[in-house]
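You will see chain A twice below: alongside chain B first, and alongside chain C after that.
Let's look at the complex of A and B:
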């Protein structure tokens, strides 16, 4: 693992994260409470407290390419329990957003990342989610065409899968939101 | 007071049972809500996961429309929607620069005076326990009910400002009002895996399985929820979880609005209880037997 880092790069990265986070990385004293209570810790490559420390050390490539940032389900258990009130869940959002802006595709968790992307495309197209189209496009993109398909017949029978989506009237306003903030 | 209703996308699709049942019980209680005109998706977990500004701007449009239409209070029954609306409201209050950018983009103003309520908050705070209790025509005495809160209703507490984040009791109180018995179990605020249902199904089944098996082992006849994502994971994935862990669960999952509706004596069909993947027949039968 590369541990000797350029100090200026480290400072820049920490400053970027902290300004997006509205919080200070130095608040964390590595007690590990966040990692102990994390419901998805068993799948992660780095625990949440390790991610915080590595961010503070400027290990940008490692954190932005970690499985952890995409496995976090934003349940907020960590932030709720943090004795220092640090935005642990928030840092995952910030790191995902930086990875996304840099065009980094997760090697191991690209499906999670793709789901978010396809979801937002769906919002952009209709202003609302059209579930069937969302699932279809996600499956095409990930090539997991048959996974979960066994659920479809019963969901159809129960009326859970709507064949038509709703599109809002003022779609221009949604387009503008995406233009201004995407 | 004019009450706005923000259904969100799930209630118009996979979780239509939630909308049918909540509108039915509100109608019977004589409470009128009006859908926010031309509402848009709140961005759910996807927006905040990869684009913070979008995660504030998308819900902000709904808040601004509600304000412009003279509403002071919003009912957002989907836990994810109410969470995102509250988060947006919180960010707009603390970040003046972002607020200015967003209101400029929307060409609408927003004063941040909106009261945003999840389903439980609305039932307890706006409708009131006395009113609900007075509606119970068919007490569910003897029925054991596990309330599952999940994450989004109570966390993060500084933004949600609702109930206790580790040991919430609001839903259990509503269960008690119906005459049913709340079940004490360990997983009521553990995450179900939420948005990763499609992208990480194995992880979601591991998490959801813990909730279901623990509720069952503590004697629950039924689980109640107030979130469409929780409902999908607990109900739609249940058969698969049984296969994966080779142990039967057979636990129907109802929305809290359906349980209340049953205690009000409303026909299960009018509450769309037949829309669930795990059939609730056994629970309905037990209710009939108990009421004899």
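Let's look at the complex of A and C:
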């Protein structure tokens, strides 16, 4: 892939990411330990260290449209093991956020993106997760109504799916967090 | 009749577990001429050495054979013990039955047989040993340092401070070398001229240092302790002792702005009569006759002569040959930067704003052509974006050299850092293959350039640079993200690789020291004798040996100096007596030996009769140069050369002993 570096755009993008990340991209050694240990690396189109480098080079379109940022499960293996203490998981969060704000829809990982949206809605309305509602809404949105259906009885048996959702007492606080963020 | 003592060492269980030492002793006792054969657990121990001495004394031995470990280990120990009993040290021979037998074999019976064989060979050898005296060479306690860069200066100062006279020869009009061309130095960013000029001045004022600038080595002959050196002092056209360095002459020179300055690497101009830089040592100008109007236009112009107050300009000055005799030499000839013309794709020479690392150094320097303000050569504008390309010439076996030039990673990081400090809001990009930052504080320095000074590092090489709309378009790769990258830059700096100074190979030939295929001078041993050349009395320092940075150059200069001071601390230089000797009666003067000698140790000798007419010409071995390698012995057609201690009859006797 050919990239023509535009100095001003690059600086703007790096500044945006770094201010949200509270970390410096130039810190990265490019040693690849994050990619070496990433449990979902095999599905990614770019390895985590490539995402960091491309962000530093200002390759905004490439990183925001990558599969990687949506496939990251935020397990934090990378950040925990990073020799420079770089926020590798954090950069995925930041890039997802920028993509979301820009209204970029992932072409390949729509469902992951939808899950994130449903998840946040759920938190917004209850202050915590109501799994049954989350599952329901996610299935309606993705139209995969019967996928993973057989997991439901097991989860019910183990008490992982509650029939009634709980709402926290002070929803205002949650609303404030969302408002501050926006 | 020989009276030989054989001593078989057990070396604890090292030898005894694999070799039947008693059997070896018994076999030794059977050999005619062996009057004593003993075995002992540790021959090198004090009791072991004492028993050796006692037997020599009691049995009045004429030779000793130790069947023990490698001669590298204890030959000296046993020789010293033998000398105390009045035996010539070369009457002690070692049969190595540890490294060559017990440590490398398993079958005890066969190992024992081999040990017996080795012991027998040495007994036959020692029977034919003749006393050898070590050679003593007188020392002229004066040193020559070739090259007035940082390592040469360091060597000269250290030797001079040790109380020894030094002659320092520099080819350029001023000492200072490459280091004085640098701006600030990694990783501490101290200003190069601030730390260099005091040393240069010290050299000039030191009572023990005789300084020849604008001078070259014309010829070197002789050997350790007694080198005869011819120094060509090129005609400066200025009388050094009268010149005050006032500058009237170069101000008056009409060749102003016409000649490219070598010191500023073509980035500025100089006059025909000039000092390379204001802090030059000595501050005496040189008249460049190849461009001077006086010499080109038949003596019409003499403006400098008219302007000169003390009238020290001498158009008729001639090259002068000075002869000196020195005891030791330091070769510190330094380095050049590679030409980059083979990289047409980088456009060096075609685009003015593609510069070399050393040129950028001059652009950064306060004493440089832009007085430290970074301006690009094409239009004098301050660049905002600079692309640095590392490994230009280095690590390129196809077009350049395969080795790493070692300093480029660091000086590029320094350039990017200084650029960020001098031009706020600027941006630098560095294309690299690997970052090599291994000395103290270096890694942190490079990380600082990336993390604090915002240089963007791209792992990959640049493929092409071309001009487009006033910008230099750099096409490179970032292999870490797998992208082709294109950057529009205002200026490009090529981190050109390091090669040996032009002509250092010729000097090496003159000195009779070895150099590698690139022309770097080679050490006697790459690890354990890094300051010594292959020739005794000649030492090496600085980049002449290979790429290295300032601290390493200083260390190597000091190392060479301490070697010389150590050498000069004795009244004579002692050489092992096992060197070649010529049988003058049979020598046919074919001088094939001279051609194979790697140490220039063989010369022609004329044998004269009492009337002074030449009777015969023969080969002659210089004991100061001969290392006893034996190449001449093999080359001699008339079997007239032998290495003492390894004479033909001894070798034949050793071989014959195996047939008995």
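Here is the rule we go by: the second predicted complex is superposed on the first by the 172 of 182 C-alpha atoms of A that agree within 3 Å, B and C clash if a C-alpha of one lies under 4 Å from a C-alpha of the other, contacts with A are read in each partner's own complex, and residues count from 1 in each chain.
As a convention for this text, contacts are C-beta pairs under 8 Å (C-beta built on N, C-alpha and C of every residue); 3 or more make two chains touch, one makes a residue touch a chain.
These figures come from a predicted structure and were not determined experimentally.
Trainee: Does chain B (first) or chain C (second) touch A:173, or do both, or does neither?
Mentor: Once the two structures are laid over each other on A, A:173 reaches chain B alone.
Trainee: Determine, under the contact definition given at the top, whether A:135 touches first (chain B), second (chain C), both, or neither.
Mentor: The first partner, chain B, only.
Trainee: Per the contact definition in the header, classify A:59: touching chain B only (first), chain C only (second), both, or neither.
Mentor: second
Trainee: Using the touch definition from the top, say if A:49 reaches chain B (first), chain C (second), both or neither.
Mentor: Touch partner of A:49: chain C, not chain B.
Trainee: Applying the touch criterion given at the start, work out whether A:162 contacts chain B, chain C, both or neither, answering first, second, both or neither.
Mentor: In the superposed model, A:162 contacts chain B only, not chain C.
Trainee: Would you sort A:20 into first (chain B), second (chain C), both or neither based on which partner it touches?
Mentor: A:20 sits against chain B, while chain C stays out of touch.
Trainee: For A:30, select first, second, both or neither according to whether it touches chain B, chain C, the two together, or no partner.
Mentor: In the superposition, A:30 contacts chain C only.
Trainee: Of chain B and chain C, which one contacts the greater number of residues in chain A?
Mentor: If we count touched residues of chain A for both partners, the winner is B.
Trainee: Can you list the chain A residues touching chain C in their complex?
Mentor: 1-5, 7, 11, 24, 26-27, 30, 46, 49-50, 53-54, 56-57, 59
Trainee: Applying the document's contact rule, which stretches of chain B touch chain A when the two form their complex?
Mentor: Against chain A, chain B makes touches at 9-10, 12-16, 38-41, 43-54, 57-58, 61, 94-95, 101, 105-106, 151, 155-157, 165-166, 189-191, 193-196, 198-201, 203, 206-207, 236, 240, 274-277.
Trainee: Of all residues in chain C, which touch chain A in the complex?
Mentor: Within the complex, chain C contacts chain A at residues 384-385, 427, 429, 450-451, 454, 456, 458-459, 478, 480-488.
Trainee: What does chain A use to touch chain B in their complex?
Mentor: Listed in rising order, the residues of chain A that touch chain B are 20, 22, 39-40, 42-43, 71, 73-77, 79-80, 89, 93-94, 96-97, 100, 109, 111-117, 119-120, 123, 127-129, 131, 135, 138, 142, 147-148, 151, 154-155, 158-162, 166, 168-170, 173-174, 176-178, 180-182.
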